[in-house]
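Here chain A shows up in two complexes: once beside chain B, once beside chain C.
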Partner chain A sequence: MNPLPMVLSTLRADRRLNLMLVILVMIATALGVAIISQERALKQASARAVDKFDLIVAAPGSITDVTLKSLFLRPGAVELLKPEVVRQVVAEKRVAFAAPLAFGDSVNGDPVVGTTRDLVLHLADGHLAEGRGFENWEEAVVGQASPLKVGDTFQTSHGHGPEETTGGLVHASRFTVVGRLPAQGSPWDRAVIIPVEQIWKLHNLPTGHAPEAGPVLGPPFDDAYLTGVPAMVVKPENLAAAYGLRNLFRTETSTAFFPAEVLVGLYQVLGDIRVMMTALAAGTQALVIAAVIACVIVLLRVHRRRFAVLRALGAPRAYVFACIWLYVVTIVATGAIAGLILGFAGSYLAGLFVASQTGVALSPSIGLQEVSLAAVLVATGCVFALVPAVALYRDRLDRALQTIS
Partner chain B sequence: MRVRQLLGSMICAVMFYASNAMAEDHESHVAAMGDIRVVHPWARAADAGGSTLVFMDIENAGGPVRLTRVRTDVAERAELVGIVMEGTELTTAAVGAIDVPVGEVQLDPGGLAIKLDGLSQELAVGDGIEMVLSFEPGGELTVHSEVEPADAREHSHAGHSHD
Partner chain C sequence: MVSLKKINVEVPDTANDRRAILTIEDLSFPPGELTVVAGPSGSGKSTLLNVISGITPLTSGSVTVFGETVTDFRESRRDAWRRQTVGMIFQDFNLIGELSPLDNIRLPESFGKAARPAADARSLMKRFGVPEDRTTVSRMSRGEQQRVAIARALLFDPRIILADEPTASLDTKNGSFVIDSLIEEAAKGKTVIAVSHDPEFAARAATTIHLDHGRVVRKDRAQ
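Coming up: the complex of A and B.
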């Protein structure tokens, strides 16, 4: 005998209550799925965001602060690396290029980064998405998501972030956008990149070149006209050089680190949060399954006579068992599948929010871990579905027929 | 008088054992050969058959040398590696030899390390392992590494100095 018509009939008979049970399972599943999916998306996005920055040399202090300021372009102050260290870094033979970073200005709220052509071409893997790299002090390159177009001209405002831009001071220099970077998946997608010499000049600092040299662009810098910088991005010649340079510049006057070191700390925190949240979600799921089974037991008491009549008409006990078991499993499985979809949607929306707040592009996905979580929930439901199924299987026919439905 | 002598003897005995213990403690944290000094070597706890990373500070008061080879009885292979990130996972890449310029080289969880593969025994927190480091020029130096928790980021005695 096919139990499906009976299962569908039971589902239809109490459709509101059954729908509520499905929604409960769905929310419990979605919670766990969204947490796992979001953690993976954050890890992948942050790793992608720092991928092009091999080694960072900065003043001693918090490497997290330097990473947030230099790589994630967050407003805030960090200690400046002394000019003599900048000189040493630039002069190092094992360096393919060393690009100083300078901040302090913005264009319509987007950060302005002062650096060299070397770093621009490195970020673009040698080929800009549009246009070319800057070739004089009045040219700029913008990130993929910048509203500025190639050919646009603009002026920079002093300060970056709400605390620094309250004065509304606009610098005199005008820039022309000459190129656009490919997507970085990081806050650099909104950045406006100008020659570092311009940032120094606009802030009345030595420009890295003697005044009589004119508007020279990039290295070699004149030692006598170098200034302190928040950080330097260093591209070592090879892996051995990277470790050698990291060691060389970990001194009392500077620190050197791979951005991955900061991410490892972030991942540990994320992992701890994920473990805690997943434990909470697992507890919720267990409670939901228990609630579903309790509801089903109560519900089946109401339909006890109906199944007794079926048995009196000749339906075998196994048929009744299969009907009840399938009925509960259908509720749990439907809720779990809907939970996977809702969890992905939740993770996607959370990703959009994180991207709007930080500029880090997240790509949430549903992986094996999330599917496993839903599968465990369904498996648990399958086991606990035996409780009401066995109860009706063992029900005494004479007593069941006497109940009022 | 006798009580005073007895007390004096007891204090001397305690001081003797305490200084001995401190010397042993100091010895386990520092190993030296000529101008080369290895401070705070430590390894992460791991299961038998697995692998672990060993970290240390190598100080060099003489001319530049290279750490070329490591051997130990507790692992099938010992390799000089750099810690690199692949995707979102940390992994290691062989670096051949490690230059030890005048000054100091740190083998730490963010940079260089010695990787021990195929551990012949479980490394539990508090255990110690012997390793022989080969420097060129210089020779061989035996160091005693303490085992710290598997997720440790630094030696549990980090922060104090050894003169």
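Coming up: the complex of A and C.
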């Protein structure tokens, strides 16, 4: 028994309607696939983006706000951590390094981050993609995606973000790019990193070192010349130290947190949204399957005589059953496979959009969950395809032959 | 020999009533002959063909074909028997428009295993003058389509050919071709039964059976 010629001819007989049914299934599948794929990509990308930032110490307040502004480099003001706390953090023995972060300037719209050489080398895992870390106050390191090249010189503009750069104030200091970070998959890929002392100096703040010491770079800082900072990135010596330091700096004057804590909260919200969107997508898929079956039933009533003729020519009932069942399953399976591809494409495009808006590099993929979703849709289609198949299987041949095709 | 004994076919008429649409006491169709069944619309001509092919269930009676009582067959056996023993030709050809002439002719091969091998479909195409260059039968003329339908009916070299108004929608030339082909098949020893209003058909048939209200009212033998 080979029902394929009849399946193909039935698909060709009403090609526009069949194509429409395939597109319906494809869109329903793509919706669910894109939601699942995008959620996973967002989770992976955000986790990757904060991976290098072990512990953050900041002023009391919203840790989500601190994470977004200090780690995801979103423009905006945050309360500063008091100099005495900065001093305490730097003095901690359980700390491998503690790097202050300072913001407020930009280069052609890209954020300028003031920090220490330790953090630059930590972000680069000890090896920059190009060049070296900065060694004096007039040198800078750029992120992987920065348009600045090693050897370029630039001046920073005061302010970061549309609201703060309207004045067009350019700082006098000139910097030379001496190195490029490897890809971080985060907004740091577009960042311009300069010595934190320069940010403080450009904003008329103490530079962390006594004036008579000259342009000293990085720690140890002089306690008398420390200033407040938006946040400090702390690399604890070990896991126990990380938890110890987190507890130590959760006080009335400071807060300490692991960035993953913030992400877990965001993931919960994201998960809730995903559950809601997935439920909507599942509902859409169920409606689409019902619509496909209804269309097929109507269509097969039109073609009732065609299948009756096959029976008259000697085709067994099972042959007609197989033709109808395979015909419906072909529509659903084709739509589901096309939906997987479309869903991935949609997730990829959404990833590009998110990356352009946030700098977080998303890598959407098709995982087991998405394949399972498509498989469940096909399985449901296989079950519901029995309805028209059984209807024609049970059709009375002599009556069906009398119908007008 | 195709024999019909005490045939009665009834259909529901009103809610509690049934109406006889075919009543035949005893009727035989010998091999090697073309028999034309004539009669007004609704006289039971197509039902007679469907009874012989096992398509229409009987209320009572039996159909015996070459010694086998077809009405005793289970449905699956009847399907297989019909596929290989009965060649069906329809007024509107009932071809699958999206398939090529060759695929239409070979379609019954796809229904399942056959006890006898199928004929070479290309030879049948050549014999009936079916053009080979058409991608689908929907692009063929009506005469060409009926040639495809005849070739399809003969794929398993059936012993019985049942044709329901095979010339009704054809012009004279193509109608004559169909009649010639059926007479040629009858000459090979097949039992050929054709429902037709065509006087040329009746004139060339060995026997013409006239039906009215589901009963045989006259039987003419050619001289």
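Methods note: the second predicted complex is superposed on the first by the 405 of 405 C-alpha atoms of A that agree within 3 Å, B and C clash if a C-alpha of one lies under 4 Å from a C-alpha of the other, contacts with A are read in each partner's own complex, and residues count from 1 in each chain.
FYI, a residue touches a chain if its C-beta (ideal position, glycine included) is under 8 Å from a C-beta of that chain, and two chains touch if they have at least 3 such contacts.
All figures in this text were calculated on a predicted structure; none of them were measured in a lab.
Q: Do chain B and chain C fit side by side on chain A in the superposed arrangement, or is it a clash?
A: Fit.
Q: Touching A:A47 in the superposition: chain B (first), chain C (second), both, neither?
A: first
Q: Figure out whether A:D398 sits in contact with chain B (first) or chain C (second), or with both, or with neither.
A: A:D398 contacts chain C only, not chain B.
Q: Name the contact category of A:A242: first (chain B only), second (chain C only), both, or neither.
A: Only chain B; A:A242 stays clear of chain C.
Q: When the shared chain A is used to line up the two structures, what angle, as a multiple of 10 degrees, is there at the CA centre of chain A toward chain B and chain C?
A: 110
Q: Is A:R250 touching the first partner chain B, the second partner chain C, both, or neither of them?
A: In the superposed model, A:R250 contacts chain B only, not chain C.
Q: Between chain B and chain C, whom does A:Y267 touch in the aligned arrangement: first, second, both, or neither?
A: Touch partner of A:Y267: chain B, not chain C.
Q: Nearest CA pair across chain B and chain C in the overlay: distance in Å?
A: Between chain B and chain C, the minimum C-alpha distance equals 53 Å.
Q: Return the residues of chain A at which the contacts from chain B and from chain C coincide.
A: none
Q: What residues of chain C sit close enough to touch chain A in their complex?
A: Chain C residues touching chain A: 50, 53, 55-57, 75-76, 79-84, 86, 88, 90, 92, 94, 96-99, 103, 107-108, 110-112, 152.
Q: Can you list the residues on chain A that touch chain B in the complex?
A: Touch residues, chain A against chain B: 40, 43-44, 47, 239-240, 242-244, 246-248, 250, 257-258, 260-261, 263-264, 267-268.
Q: Applying the document's contact rule, which stretches of chain B touch chain A when the two form their complex?
A: So the residues of chain B touching chain A come out as 82, 84-85, 87-88, 90, 93, 95-96, 98-99, 101, 104-106, 109-112, 151.
Q: Which bits of chain A are touching chain C when the two form their complex?
A: Counting only chain A, the residues touching chain C are 1-6, 8-9, 12-13, 305-306, 309-317, 319, 397-398, 401, 405.
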